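Here chain A shows up in two complexes: once beside chain B, once beside chain C.
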Partner chain A sequence: MNVNVQFREDGDTLLGYIEGEIDTYTAPILRDELEMIRLSEGLSVELDLSNVNYMDSTGLGVFVAFYKKIVKENASLKLVNLSSRLTRLFEITGLSELMEIGEGGATNARI
Partner chain B sequence: MRAFDYIEIRVPAKPQYVSVIRLTVSGLASRVGFSYDEIEDMKIAVSEAVTNVVQHAYGSHEDGEIVIGVALYADKLEVMVSDYGHSFNFEEIKSQIGPYQEDESVELLREGGLGLYLMETLMDEVRVNNNEGGVTVFMTKYVTREQVKENVQSITR
Partner chain C sequence: MEQIRKQYKKILSDYIGNQSESDLYIGQNFIKRMIQKNVTPEEVISIHKRALEEIYDDIPESVLHGYDFLIEVMVHFGLKVQEHQALLAKQEELRIEMEIATKIQNLLLENEIPSPSCVDIGMISVPLRKMNGDYVHFMHDDERYLSVAVTDVVGKGVPAALCMSMVKYGLDTLEYANSNPSYVLEVLNRIIEKSIDDSMFVSLCYIRYNLQTNVLTWSSAGHEPSLYYEEKSQSFHDLESKGLLLGILPEAKYTQQDIELNSGDFVIIMTDGVTDFRNREEIDSRQIIKELALANRHLTAQEMCEVIYSELQKLHDFKLEDDFTVVIIKK
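This part shows the complex of A and B:
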């Protein structure tokens, strides 16, 4: 079991495709990958979670930490293509009210 | 004949075993006849309990163990997660948890502390016992009635 992240730049948008299971074992891997992004003012980061097939509070913690960093740097973050399971997790924890969650437009194309 | 089957698993308190426990409980829950969503809820709740032990109970000790007991009934699953490490104050922790609020300041957002909240939200009953040796979390999930009729034989037979 693992988590894998791949990035692609598309103009002012950085697209990240996250794949796998996010729990206490894999969360540090995801956190390190997200920490390597060089954030700058105005950068929009879009993370595609369509291939995340398991996530718990340790994964939510990673996204919260990353979101805080995004806000601090005046960048923006959108989480896209969540499964109904992941949508439910963001809803019951109240995170969907704070973070932008939606459909991925042109980003549906895979790498 | 006993009304339930009991399975006990003992693993080192290490992060790489959390997924093993999650998948084992998922397999057992499907024997009882839970729906896909109920099983996914239980996978998260059990992972939260086991993760809590892995992250907090043992500090820097590497030889700690987690005991997971699962009781399969015709209409419910009981999961017990026990450590032999440090106890925590349930009421104190409970007062510090809960969902995020819309008006919370982004800089102050917690990056943890949702585990117990998720356990209570995703299971039907959650109890935490602090005993001398450590902490035990008991969680129960009931199968919805229509599913029980179809699957009741698989446990009691």
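This part shows the complex of A and C:
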């Protein structure tokens, strides 16, 4: 079990492609990866979760902390291509009302 | 040391003389005593070498060099063993501390299941590890109101347990069971938001039950939706809300809704440890819980909780992955 993140810049947008399972053990890896992003005003970060097949509440915590940092820096965050299981997780927790969640462009193909 | 040397030489020469099982046994017991006296592995070999030299005076130099080599190598082995023993001692220390912390948590979070006359309440809460990240808080105002808060702190173990104490004191300060659930969530949210790390949060389902009118008012903050069974229509309803998890936005608002419980109706409140089947996506756990509850609705609320726990544990092959809590309120 592991989690892997790859980034690619596209103008003002930073595309992140996350792959794997996000649980108590892998969440710190993801957190470190996301913390390394140099946020600046106006930057939009789009994270593709199509290959995240499991996430527990610790994983949610990583996204919540990252979202708070994004808001503080006046950047923006969008989570795209969530499985129905993940979509439900974000809905139950009320996070889908807070964060932008949607369909991604053909981001994966270009990474 | 000199005494050990002499004894070892005696045991060794006895063994070499007749190679009997009983001498071997004496030797095995003797090594235990050497361990107790902190004799290191390389010292044992050195004792062995010297004893052999004393018993035989024709041992070739090359064999003795071989022993010298082994003694040097075993120095490192001995160091590693010492390190390992130090770790074991440290681990034991942590285990004792953990045990004390668990006792403190149990005392802090102790809460009796109330038994009002007009409604039946059952609960089961089983921690995955020693300390529980789930917590159920009951309040009961003499036959007027009863309230239940079912909470789940993100994560497991000690960090979750520490955060849970804060939730408990937040709930305690609210004091009365008649507070509006949405108000309770807003107050708790502000307390938690101020005090915890950015990646921590709490999900909570708060239910207030009016024991005179049988109106159940509920509000939820990012919690697994409760199940409401209505006897009249013989169907289940999800008590869904989009309330945000506690501890994320200081100004978060919560709504509350009412349902009236009639005879035969019940509500099941649970944490995500009950519904989450990580490696078996095909399992519709909520459907299974509905079926179990329906088939056992003639039992008491407490018995229903226990059936659900034991059946789901079987489905998990007895390896639960999260703290597990179910509360049932049954009219």
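What we mean here is this: the second predicted complex is superposed on the first by the 108 of 111 C-alpha atoms of A that agree within 3 Å, B and C clash if a C-alpha of one lies under 4 Å from a C-alpha of the other, contacts with A are read in each partner's own complex, and residues count from 1 in each chain.
Assume contacts are C-beta pairs under 8 Å (C-beta built on N, C-alpha and C of every residue); 3 or more make two chains touch, one makes a residue touch a chain.
None of the values given here were measured: they were computed from a predicted structure.
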Just from the overlay, do chain B and chain C fit on chain A, or is there a clash?
clash
Regarding the shared-chain residue A:K69, is it in contact with chain B (first), chain C (second), both, or neither?
second
Of the two partner chains, chain B (first) and chain C (second), which one does A:D56 touch, if any: first, second, both, or neither?
both
With both complexes overlaid on chain A, does A:Y25 touch chain B (first), chain C (second), both or neither?
first
Quick one: is A:T93 in contact with chain B, with chain C, with both, or with neither? Answer first, second, both or neither.
both
Segment of chain C that clashes with chain B, given the candidates 1-9, 37-45, 73-81 or 145-153:
145-153
Residues on chain A touched by both chain B and chain C 23-24, 54, 56-58, 60-62, 64-65, 68, 85, 92-95, 97-98
Chain A residues touching chain C - in the complex, by the definition given at the top
23-24, 31, 54, 56-58, 60-62, 64-65, 68-69, 85, 91-98
Contact residues on chain C for chain A in the complex?
152, 154-156, 197-201, 203, 221-225, 241-245, 248-249, 252, 272, 276, 278, 281, 322
Using the touch definition from the top, list the residues of chain B that touch chain A in their complex.
15-16, 18-19, 22, 37, 40, 43-44, 47-48, 51, 54-55, 99-102, 104, 106-107, 109-112, 114-115, 117-118, 121
Complex contacts: residues of chain A adjacent to chain B
1, 21, 23-25, 54, 56-58, 60-62, 64-65, 67-68, 71-72, 85, 89, 92-95, 97-98
